[in-house]
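A short write-up of the structure that comes next.
The chains carry the letters A, B, C and D, assigned in the order they are written, with residues numbered from 1 in each.
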Amino acid sequence: MQTQTSDTFAVKFGRYGGLFVPETLVTPLVQLADAYQRLMKSDDFKEELKQAMKNFAGRPTPLYHAKNLSRKLGRRVYLKREDLMHGGAHKLNNTLGQALIAKRMGKTRLIAETGAGQHGVATAIVGANLGFETQIYMGEVDIERQKMNVYRMQLMGAQVIPVRSGSRTLKDAINEAMRDWASSFDHTHYLLGTAAGAHPFPSMVRDFQSVIGREARRQIMQAEGRLPDSITACVGGGSNAMGIFAPFLEDREVRLLAVEAGGRGTGKTDKIADHGASLGLGTDGILHGALTKILQDPYGQILESYSVAAGLDYPGVGPELAYLAEKGRVLTKIADDKTAMNGFHALSKLEGIIPALESAHAVGYALEEPQALGDLAVINISGRGDKDLATVMDYENI
Amino acid sequence: MQTQTSDTFAVKFGRYGGLFVPETLVTPLVQLADAYQRLMKSDDFKEELKQAMKNFAGRPTPLYHAKNLSRKLGRRVYLKREDLMHGGAHKLNNTLGQALIAKRMGKTRLIAETGAGQHGVATAIVGANLGFETQIYMGEVDIERQKMNVYRMQLMGAQVIPVRSGSRTLKDAINEAMRDWASSFDHTHYLLGTAAGAHPFPSMVRDFQSVIGREARRQIMQAEGRLPDSITACVGGGSNAMGIFAPFLEDREVRLLAVEAGGRGTGKTDKIADHGASLGLGTDGILHGALTKILQDPYGQILESYSVAAGLDYPGVGPELAYLAEKGRVLTKIADDKTAMNGFHALSKLEGIIPALESAHAVGYALEEPQALGDLAVINISGRGDKDLATVMDYENI
Amino acid sequence: MKISEAFEKAPLLIVYICAGDPTPAATPQLVRRLAAAGADIIELGLPHSDPIADGPTIQAAAQRAIAAGMNTDVYFQAAAQADVPVPKVFMGYYNMVYARGLDRFAQDCARAGITGMIVPDLPPEEAGPLHKACVSSGVDLIFLAAPNTPAERLKMIEESTSGFLYLVARTGVTGARSDLLQSTHELIARVPGNKPKAVGFGISTPAQAAEVIAAGADGVIVGSVCVDLIARGEIERLEQLIREMKGAIKAVRGKGTIAS
Amino acid sequence: MKISEAFEKAPLLIVYICAGDPTPAATPQLVRRLAAAGADIIELGLPHSDPIADGPTIQAAAQRAIAAGMNTDVYFQAAAQADVPVPKVFMGYYNMVYARGLDRFAQDCARAGITGMIVPDLPPEEAGPLHKACVSSGVDLIFLAAPNTPAERLKMIEESTSGFLYLVARTGVTGARSDLLQSTHELIARVPGNKPKAVGFGISTPAQAAEVIAAGADGVIVGSVCVDLIARGEIERLEQLIREMKGAIKAVRGKGTIAS
């Protein structure tokens, strides 16, 4: 899967990726990469992960033939149901994998960043389940708007630490977690939540998430006897997208559609980007340890992003997606807030499935450009929308 | 499974059960019973249900060996993970089954009652998915305290009808749904949400829910090579309990523990019962079409029940449970609000699983009386607790 | 008075009220006024917390009555005090009967001069024990049939009922409506056997009452409209309505004169 | 001035400030005063929106500076205006360098009299392209080593760095602390090769500075404490501190006199 490695130091995807971090973090990351490489070859570890995925997380998730949505779009549409995962999103695929690694590395504490709180919840889940002390960095602004997820984390024994620096949102929570890790790596694992950041996170998170694509591949072959014409996934940092795309990368006939957040519109590029479309509208730069596509001003200051879906509200993207998009293997699409809301309502009404606002971007895009999907399409429903009800009510002034 | 039938009219469980409804409802119920009997023998129907359970609802749900809870209780404890079902609770097992029957009977509209909103949500899900017009009766009081579930139903296209009669809670919502059905049965199916009410609901709901127990039986045999010493489930109307108990009824060595809501305490029996323990503290009577154990005053007026878990806040219980409890096959236990809160927090912290407040009654009981569970125990986690966060925060003045 | 005696003078006007509404104390006198105005049978409802066969009007009456102190003990006192020359019939939900004990309930009826029982949520198939108690106490147990009752079942119900057969004019719950349905006519026509049959649910006008009698019924039952007038305190209008209804049905098929 | 020349007079005091804090206009004069007070090398930080290696003090300074209008163009103007007889060194995050273009950035440094670059989030392994640009422009590229850097890697970093080797006194981020750690001593002792080595991160007192030099370092870097005094407008106290620190390190292993 890895398109190029610069010797043993850090995986690169074309020119993207790498390991751009303060020296203090280099060795912890290298050790993590080593442990990860080693454990992914261990049958014992793989079996432990497999059992946890099955008995705790609820895998496999179904691939559901959405008959009503199919009728509406005039093609066969299947939904990969990550909304049925424990915790309510694909996030647990990754946190479970990383926490099991951390355990084997002898770590006793987990730290993580979170924006909407989904990754924080998924980290709190594994923290409780596997007996870690768990601390979650979360921007003060996000704490305010995601009270219920804050409470879920606390219920599971995690401590939520307010981040007051910068824009006080996700990107600053990542900064703060990295700062913590720079002095705590001895006993602490930094559990990054998406397929972005420094090596080995993009590869590791992709690998843990690619269970989505492996299952989907088996399931669509069983249901239809062929590969789909397209796979559509939303992109925040890129973990659910890379997770479902990865096992199909060699199948050139499968169109891979990455839908980013268009937010309030893609015009502005001042101090604040009114969107989260780093893949489509960003430029090359370094953020959180990797060279990738980012939203930045001409001097290299990172812009604040925006999306109604907190999980897509990030000014960077995983380096592998940046590479695949540039190569043309992944097609970059944009769905704005309104399109996402449309997807949210349509899937709820048509199928009785309330998608996460993040996933609703993928659905909304499909509703707008059905012909892009081909005859047989898979859409990744990365999470459920229960967490978003207050946001949607707010958005619609209910 | 049915212990006695009084010819073809209505199944009885010992003296419990039956069909005590206005004449207008007799024929619709008899027709439903006939259709149900017929369809449960149809391979075609069974296959359709099986596929929907697998691809849409997310079955099988795991049977999870909860290591931390096991350690705490000093015995092996497995959790049946109905919290991972689509919609967040076991309710969909039943609504999916009934809606598929309704479809085959040519009905175009679903009505249902709901208290906490879980059954309403599960009905709205199948309504949307299978193309029914859907109306949900819900007490005005419950609408006020379960705003998010009301919104979920509406998102999926269901109409929520406020019930202003009686105590304006679940029992009155059932009354109102029965009144609707008395004139709408031609094109409408009344989708009752628990294993209570008139024949054929108690048998039908039990049968649809008993997929829980069938899976659990297979799973525990696979994991442990033997049947459990006990199975613990919470009881509102009795659907999740009967669902997991039913396949074990013949296995006398498996202790079946039915945990009811003790609410604020079991002392009072004035106009309002401060609990929901109809099985343990109720007396014989007729409610919603069945002879069963109910909470009533000496004259036969139905008492208002109470529990912090809205889904257990019902002054009746399914007739089969009443029979099994009287026979001693099912042991009746009571967990009050405080015990349930304890279970809620303990499972969240120990395992990273936030249970529904209903299910938390079963967990709380287990924490209080671990020795009652034997060496190998199964606890049914009938739903997830996301719906209850505001309630718990309120309860704890957070 | 036995119900069967009353039906010798069919067509009859049967009037339902909710005992205890507005107060338990008011009930005996109210019953007397209804009988005086022309009611041939008084159906005296025992209010229940969960009246699933009833529409909003009777639900509300039941709530008022319960709040005013009505209960089964008070009910029988009130019924006994309501000394009228026409049959009194109990109407109420099975749980209220069950809670008191079937035998005791039937005996209490007999003692209070109640000669029939209508239990709308008790189909004949489930009624064995109560039937036995009623027979012991000499109380008629009256069953209901509905427009959607199939032929075979209708026959069984007709055979099971005693006193009269209660024909439900329409599917749905109690409550005044202004129309009458084709299905009501069909139901009346479909009934086998020779027992008296009275039609209720939704009948509120003299014209409807007349229509039902013309269609072959032996009695007409009015409920919600009466309960509604009582709720508004318009007892004289209620008496007037009873007189008009009585006139209307007797005009169709009567002895020519209005009783009392 | 070339960095290597400066280290001929080791031990050195290296002072970090955040360019543009409190205002871009104030920076050149501030640099002059620091040099005049005894700073042997000035590290001029280019503020970044996301300074992951920095603690709260420098984060806040960066935010103030950006708000006050600091950007890369302004930075180079200010640096050029800050004409001092000691080396000026760029300190900033890689994205700021990358955004301008590596060659252009190195050339701008040279043009502004900046003779070294410290990029804390750029390990040698990723620094190939910038190294080339620096060589072309005659600018030293200074790498960092940390207490948790393993031996082999330490060797590689020492070989890669030019100007001097930046030893991170402790794991974690920048920010004043009052202690010094055993691991700092060990790190100083562990460094192979002969390049000058300066210790920074958390050093804020003359005693700490002296301890570091006594342990074998060729320079000591102070940052957060200076930024803090600037934030409070206490420039004279800053000058005083620099004088004291300079005195302390020279007392350990110096030519006996305090420079300037």
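The definition used in the following text is that contacts are C-beta pairs under 8 Å (C-beta built on N, C-alpha and C of every residue); 3 or more make two chains touch, one makes a residue touch a chain.
None of the values given here were measured: they were computed from a predicted structure.
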{"item": "Chain whose mean Cα position lies farthest from chain B", "value": "D"}
{"item": "Distance from chain C to chain B - Cα centre to Cα centre, in angstrom", "value": "37"}
{"item": "Centre-to-centre distance between chain D and chain B (centres being mean Cα positions), rounded to whole Å", "value": "68"}
{"item": "Arrangement of touching chains [line / ring / star / complete / other]", "value": "line"}
{"item": "Pairwise chain contacts under the document criterion", "value": "A-B, A-D, B-C"}
{"item": "List of chain A residues in touch with chain B within their complex", "value": "54-56, 58, 61-65, 68, 81, 83-86, 88, 124-129, 131, 148, 151-152, 155-157, 344-345, 348-354, 386, 389-390, 392-393, 398"}
{"item": "Interfacial residue positions of chain B with respect to chain C in the complex", "value": "6, 9-10, 18-24, 26-28, 165-166, 171-172, 175, 178-179, 182-183, 185, 284-289, 291, 294, 296, 298-302"}
{"item": "Complex contact set, residues of chain D against chain A", "value": "48-53, 55-56, 59, 63, 66, 71-73, 93-100, 120-123, 125-126, 143-150, 153, 157, 168, 170-173"}
